[in-house]
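In what follows, a single structure is set out as structure tokens and then discussed.
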Amino acid sequence: MPEFTEDSNFQELSAERFGAHNDEGPMTLEIFTQLMKQFYDLGWMRGSGGALGCVSGKQLMISPSALQKERIKPADVFLYDLVSKTEIQRPINKKITVSSCSVLFSLIMNQTGSECVIHTHSKAANLITQLISGDTFEISHQEYIKGIYNPFSGHALKYNDTLIIPIINNRPSESLLLNPIEGVIQAYPQAIAVLVRNHGLFVWGPTWESAKIMVECIDYLLELSLDMLKNNIPLVKEDVQPERQDSVDYLETVFSP
Amino acid sequence: MPEFTEDSNFQELSAERFGAHNDEGPMTLEIFTQLMKQFYDLGWMRGSGGALGCVSGKQLMISPSALQKERIKPADVFLYDLVSKTEIQRPINKKITVSSCSVLFSLIMNQTGSECVIHTHSKAANLITQLISGDTFEISHQEYIKGIYNPFSGHALKYNDTLIIPIINNRPSESLLLNPIEGVIQAYPQAIAVLVRNHGLFVWGPTWESAKIMVECIDYLLELSLDMLKNNIPLVKEDVQPERQDSVDYLETVFSP
Amino acid sequence: MPEFTEDSNFQELSAERFGAHNDEGPMTLEIFTQLMKQFYDLGWMRGSGGALGCVSGKQLMISPSALQKERIKPADVFLYDLVSKTEIQRPINKKITVSSCSVLFSLIMNQTGSECVIHTHSKAANLITQLISGDTFEISHQEYIKGIYNPFSGHALKYNDTLIIPIINNRPSESLLLNPIEGVIQAYPQAIAVLVRNHGLFVWGPTWESAKIMVECIDYLLELSLDMLKNNIPLVKEDVQPERQDSVDYLETVFSP
Amino acid sequence: MPEFTEDSNFQELSAERFGAHNDEGPMTLEIFTQLMKQFYDLGWMRGSGGALGCVSGKQLMISPSALQKERIKPADVFLYDLVSKTEIQRPINKKITVSSCSVLFSLIMNQTGSECVIHTHSKAANLITQLISGDTFEISHQEYIKGIYNPFSGHALKYNDTLIIPIINNRPSESLLLNPIEGVIQAYPQAIAVLVRNHGLFVWGPTWESAKIMVECIDYLLELSLDMLKNNIPLVKEDVQPERQDSVDYLETVFSP
């Protein structure tokens, strides 16, 4: 396997591209490992599965592949310099490699300008791809849709918008998902997530806060959708009486409770 | 958006109206943030959703809209003085605004005299509104109904009373829920909660302890009801043999295990 | 309501009757409050519901009725002296009363010699009583049945024994459950638990450790039974090929994994 | 019951056989008790059920049978010396015995060279054995299958491989499971787990990290399978278009997210 530092998408990532627009504060190694533990507790990173990649200032942080996600410590995180394009921290144990999602993360960051990508393995994300035979998951008229960012408009989706998440088939290894994910980003430029059949979910956002908020909103909607399907309730509704609403700035609405 | 301090309901809120009748102790910023974390863990405030508003002495505390609810710190809470009607604390980050539920909270507090309003996004609250097409959720003959306060009688509901929670349709923004909620309070003056279809739940009570206890009782009843509906068990039962019971003071019974 | 210290069953409780046979150590106020928090987290004491009563040496500890169970502190627990039959600790707030289960706990302790009674409100305990119309819950051929103590033999139940838990109907107040529970103990002298329809579960055992272990085993079996019923799997099986097994001492087997 | 130190499989266990190949670090008594608590929280060791056995250097650690698994402390763990074949630590309370799984653990370790065996009581493991009447659980085409180690090849299973877990019937006591488990290891030499009907799951691996990761992957797959069966989705799929993949070293892939 070639070094991640030679990855073409990583090579193109420029620190200048990413703004200092975080709401809570910049990602740190402490928050990074806290979030992995939190995602484990939520059932999304069991069995060492799942991964996290995040730009913080001039650095890129990526989770290791060999370690239990709820037990990783700051020193276990891979750290890359976006200016010199070098690895500046890695676990002491040389057998531990960077997440095999690293090349997917750099692709997504390079193509979309997202600072953060989260990869989860929730059971809802897996099961929904087995119940939907088509190539998209779609849902409308749900409050949590207002938690989703539309990178085209810079605004949040509205309650009665339809959230569309493409579904791709799983492949034997993460690197083989590179082309399908690149295809999805081109076919659905407004997408902020992709479901991988029998596998899990990738979510990306302009900041770590927005990516985390979106993965929580999406997982809620996936779990809810499983129950709706069980009760034969359609996921997408026709607007019987469409309501007018002015578009609002993402920051003002995405977090609005 | 106008400043919340100009909100007419907030302007009418008087500190004298609220008694010092708490059971555990007055709400503090520490308890406020602990509860947000607890509600997140219970699945009720994921994706930065949900909100909390509470009167404590001469102050009104309201959660911010832009922050992850399990990570907010005391300094992130909006604090208003009920006497001077001014904002006395807000997050340093000026992009963070007060919860868009603030105007709903002041309405409910002003109309009902409730000290505390909790807004949650549990999946049970959402799903039940999709399974019930009418405009109320009703259940009887459940122990947890004894945890519900009847503001008319000042007593707790009895085991075989029917708990009625109105259901309103969701609207594109929180502020558009103002009129429907005001209508509900007038149509169901004994209500202590309202369900918003495809969205979540609002619960209010005379103290923060009673509001929190009621939201837990109600969510339990909603989850149970989903299972009862699945098994074709009616939520409301006829009293085959009505039992006489003297009314008891709320404080004496609402908490009784 | 009369003082609990005047309760006839409490008056008959003798400290000498209870041995110092604990496995982990005697119940303390710290463990008492830890367990309440743990039961809350397990979903068994939400909305201030549920209760715990436990003899420790010459003292009887009972949970308060007015407080959120995950937040009670050692000073909130009611403490009674079994020799002088007096109250030796109570919460400072005089509005807080001892659990209305106290008279049920003293009855069960006096009738069965149990040191500890746990009252929980799990959804499984509630739902199973709505699915079973008869007056007992019965299950056999489950490993967790080996976690149940038979007070007649002093041994644990065997894997292929049938665990029988009586079900009684709920009443408007806890005190009205006194007679039905007394009737159940006389009708099922080997019972270590009773289910109350639309309400919850009471479990008692010779030590706090055994009562806690049994409530966990039973709740597991109740949840499993709900899934078995959904799949039309009978809860009690005929022994096609009964296996002989020597009875073993409870302490040796009840905890065996 | 004979002393575990006289057990023939324990007598044959040689410290030299086990390499110092851990990824995170050697098992310690602190990690041992942390894991028991974690497995309790995951619902796998309720009611004092479940057990853990692990080789660390020249020592073998086994959990006690009499204690609540979330409360055990380092001093409660049984410790055996693999060189002198003696017990070097045990709980002070003489009534507490070593887990009755100890003889199963030494058998599995001796037969397979596994350093760690984990025994869990998840509801999914129990229920799946009631829904599958045959003697194996099989699943293919799932990402989490890549978390399973094939002891024959030394590699991880591939995404489209079929994971096979034998199912045996439960017996009245753990010691009676000795022969069935020995039979399973001989009939399925590539097995890294066995399901015990109406009881639970045993998983073993070359290191404690791999055993823990595998039990998490398997439990995820079991829970998912319950939902797949409910939706009439076959657990094993025909490869419509088999994909070629070079075998990869276990350490490189099993942990890959």
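Read from first to last, the chains carry the letters A, B, C and D; within each, the first residue is number 1.
Going forward, contacts are C-beta pairs under 8 Å (C-beta built on N, C-alpha and C of every residue); 3 or more make two chains touch, one makes a residue touch a chain.
As the structure is a prediction and not an experimental result, all values here were calculated from the model.
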Joint neighbours of chain B and chain A, given as chain labels: none
Turning angle required so that chain C lies on chain D, C-alpha fit (0 to 180°, nearest 5): 90
Interface composition of copies chain B and chain C: same or different, split at half: different
Intercentroid distance (Cα basis), chain D paired with chain A, Å: 32
For chain A paired with chain C, centre-to-centre distance based on mean C-alpha positions, whole Å: 46
Chain B: positions in contact with at least two other chains: none
Category of the chain touch graph - line, ring, star, complete, other: ring
Full enumeration of touching chain pairs: A-B, A-D, B-C, C-D
Chain C contact footprint on chain D (complex, rising order): 45-51, 63, 65-69, 71, 93, 95-97, 99-101, 119, 121, 123, 126-127, 130-131, 170-174, 196, 198-200
Chain B residues touching chain C - in the complex, by the definition given at the top: 23-24, 141-144, 147, 158-160, 209, 212-214, 216-217, 219-220, 223-224, 227-228, 231, 233, 243, 245, 251-257
